[in-house]
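Next up: some structures, all given as structure tokens.
The following pair of complexes shares a single chain, subunit A, combined with subunit B in the former and subunit C in the latter.
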Partner chain A sequence: MRVSDLSKPEFIKLVSDQGVSIKTGPFVVNIQSPIKTLQDNLFRLYQHNHVAHRQEYVDFNIRIAPPKSVRAFWRPQAYFYLDDRVPFKPLPYSQAFPMLEWGMNWCVSNHAHQYLIIHAAVIERNGQAILMPAPPGSGKSTLCAGLVSRGWHLLSDELALFSVETGKLVSLARPVNLKNESIDVMQRYAPEATFSARFPDTSKGTVSLMAAPAESVDSAQIAVPLRHVIFPQYDKQSTLHCNEISPAEGFLRVVENAFNYSILGLQGFELLIKAMDKVPVLSLEYSELDTAIDFFNGLVDV
Partner chain B sequence: MSELTLQNRCLLFEVIRFPNKVLGLDVRDWEMLIRQARRERLLARLYYHLHSAGCLSSAPESARLHMQSAWKVAEKHELSVRWEVDRVLYALRDIDVDIILLKGAAYLMAGRSCAPGRLYTDVDILIGKDRLPQTEKALMVHGWIQEKLDEYDQQYYRKWTHEIPPLRHRRRNTLLDVHHSITPNIFRYQINYDDLMPNSIEIAPGLHVLSDEDMLLHVIVHLVNEEDFSSGYRDLLDIAFLINDFTDIEGFWDKLLQRAQDIGFELPLYYGLTLVQHYELQEIDSTLIQCLEKRLGLVKWPFRKWVGQMLVKVTFPKDRQCRENGLLLTQWLLYVRGHYLRMPLYLLLPHLLRKSFTRKEY
Partner chain C sequence: MAWTLYAGTTLHTFLKDGDIIAYQEESGDTHSFHPVTHELLQLLAQGPAEHSDIVSRLNNKFELGSEDIDEQVTEVLLNLERCGIVERR
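This part shows the complex of A and B:
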């Protein structure tokens, strides 16, 4: 059963009461919250995701709720609870939904060491995955969202999961996090996509999320091998061009973006050496989405 | 939900004692078990117990992955503690000082059975008070610097505790606690480096751990005179597993009793052993406890009984499923008591008052 198979009142009742157990990639997350904006956005952005069967193990029990204190009314806040723990500081009540997204990222990157986890976007086409590690401001999410709206499958916008067992990339199938100007850009570029509300004044500026398309969610079960690593950089002035990066430097730059490389130790090193073997590493400067997407299509022979 | 959880208050507690109780758990039970273990920072330890008992195959795939992840983190902790100890020895190689490892790092380096799956927040070492300035200097040269403390906290550490303010390595970001005594400064019995060194066990050149009796007494004193019981259950397990390691050693219990008497640790020892007995974690010879009771004249002191009951409460897992009513109050009372044991009352009251106003904001 998918989230969209539930009526909205049914869904809201579920989230308010025992929580709704949603499958995102290999994880089952139970989300419980009385917060209206969170419920609305969750219902829309996760409409294609499956609701977990009652007998499935819930990996993360998450609750987002106002505190039992004056801050429920006065400059209201929302707290993120994982089980009964509060792993990080509360945010303003209005940012409950982006907080859920960031909190889920935190849950995965701190608990799922069956994966080598890289801070990177991953997209796939024709069974070939491209890894895009990049710092904030590089236009990684915009490019990722653009590709996804033009037939690429989204594995993840933030967390690349390399399975320790197979060395392949596993999908999370969660929304893309768009910031500031790129929200308008993407709403024009992909008007048919589903967007969340806009959340102004977050620590990352204004934030809006773009849902993963149904096909991306459906193909989430299939692990794919890495074929290219690309470090994108958006630059208004530039025309599209790319440079090759040496394997050694490319390797180190990927490691720099890893969350749990030090925890996996030798295992992580060996995994990544193998996964990146004969994989070209490129840096890419781009200014226009269309030409950049053509370039990506060329990489996988579309 | 299976019957097991209805019969027993805490799944984690039962499973640590009898790992094969996981056979027949349903998926909700497993979620609860993992949650309880994570809450006590014992998830990797749980993995170790289930793995050793061959009970892992009955776990749902996801639960097993959570435990294995925790185990990987614990392995990383272990590696980093070993490296840290190595670096400390290297930093101190020129000043000719023998150090005694305390607590977690000592259990690990001495191969005690409470070490596998353990998480470490710092490395604790004990050195002679007269060597403190030299040691601090040598450590500083090798990158350990004092955490920024305000003047008040700095004074508090130096004057009233048995350690210097924690040192943080500026590159590895690890914490090192340097102690010169295992008891606070105002304790009637001062147990410091010179009392402990002669009996200690040298496990590598210049590196010692406490003798068996002292190691057990130290963890017990540490638990029962503590202010913070957030890891109370873990500490209780440490005591139980140390007893398990030592109990069959010829003459251990006699030496323990004698030692406790010599250094004035009989009351903490009594509390510690009764806790282990209460929870049936290890078999304790009841004549031993009676002997301690007689010597301490416990019957005359209802307050001591009450403290004992409070300790029982705070050394149980604290998950919502198992916590008792009034836990927070009990923890607060013991927090005050823990402070009272290390500072005279005329200093304690202003200190607590100050701390209650400067508590870190969330």
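This part shows the complex of A and C:
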């Protein structure tokens, strides 16, 4: 059963009471919250995701709620609870939904050590995955959203998961986190996509999330080999420009973006050596989405 | 002065298009080595070596020929020492 198979009142009752257990990639996350904006956005952006059966193991039990104090009424805040622990500071009540998204990223990157986790977007087409590690402000999420709106499958916008067992990339197709100007850009570029509300004044500026398309959510069980590593950089003055990076430098730059490389130790090193073997590493400057997407299509013979 | 591999370290190396990537087990650090540096480490893996001997053997193998080769090798050795990969004897 998908989230969209539930009526909105049924969904809201579930989230408000025992929580709704949603399958997202290889994880089952139970989300419980009385916050209406969170419930609304969750219903819209996770409509394609499957609801887990009641007896299925839940990886992360998350609750987002206001405190039971005067703060619930005066400048209200939202607290993120993982199994009743509060791992980080609360955020304004109005930011409950982006907090849920960032909190889920935190849960995965701090606990799922059956994967080597890289801070990167991953997209796939024709069974070939492209890894895009990049710092904030590089245009990674905008490019990722653009590619996904033009036929590429989303594996993840933030967390690339390399299975320790197989060395392949596993999907964690969740909403793409768009910031500031890129929100308008993507709403014009992909008007058919589903977007969350806008959340102003977050630590990242104004944020809006774009839902993962149904096809990406449906192919979430497929593991794919890495075929290219691309470090994107948006530059509005630039024409499309691509440079090859040496395998050793590329390897070190991927390691710099890893969350749990030091936890996995030698196992992480050997996994990445194998996964990146014969994989070209490129840097890409771009200013226009269409030309950048043509470039990506050329890499996988679309 | 003689140099040797630091006794308490284990390096796992992998060749990637001419460069060497190495994982240092004790520190968890990952390094990228130039082939000359890798040769230097292989040389020290056979046993301690004098600085002048290291320079001469690297020069013979790679025909480095540079006037400041001595300083360059010193710099590489000092970097490796800082990483806990080699030590002085």
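Points to keep in mind about this one:
In this text, the second predicted complex is superposed on the first by the 302 of 302 C-alpha atoms of A that agree within 3 Å, B and C clash if a C-alpha of one lies under 4 Å from a C-alpha of the other, contacts with A are read in each partner's own complex, and residues count from 1 in each chain.
By definition in this document, a contact is a pair of C-beta atoms (placed from the backbone, for glycine too) under 8 Å apart; a residue touches a chain by one contact, two chains touch by 3 or more.
What you are looking at is a predicted structure, and each value in this text was computed from that prediction instead of being measured.
By the touch criterion defined above, A:285 lies against neither subunit B nor subunit C after alignment on the C-alpha atoms of chain A.
Contact with neither subunit B nor subunit C is seen for A:124 once the two complexes are overlaid on the shared chain.
When the two complexes are overlaid on their common chain A, residue A:157 makes contact with neither subunit B nor subunit C. The wider contact with subunit A, measured as residues touched, comes from B rather than the other of subunit B and subunit C. In the superposition on chain A, A:111 makes contact with subunit B only, not with subunit C. Of the two partner chains, both subunit B and subunit C are touched by A:262. Of the two partner chains, neither subunit B nor subunit C is touched by A:101.
Shared-chain residue A:57: touches subunit B; no touch with subunit C.
The intersection of subunit A residues touching subunit B with those touching subunit C, taken from the two complexes, comprises 262, 265.
Residues of subunit A touching subunit C in their complex: 246-249, 251-252, 255, 261-262, 265-266, 269-270, 273.
Per the touch definition, subunit A reaches subunit B in the complex via residues 28, 55-59, 61, 83-86, 89-90, 111-114, 262-265. Subunit B meets subunit A in the complex at residues 27, 30-31, 35, 38-39, 60-63, 65-66, 68-69, 72-73, 75-76, 79, 319-320, 362.
Partner subunit A is touched in their complex by these residues of subunit C: 12, 14, 16-17, 19-21, 23, 25, 28, 30, 32.
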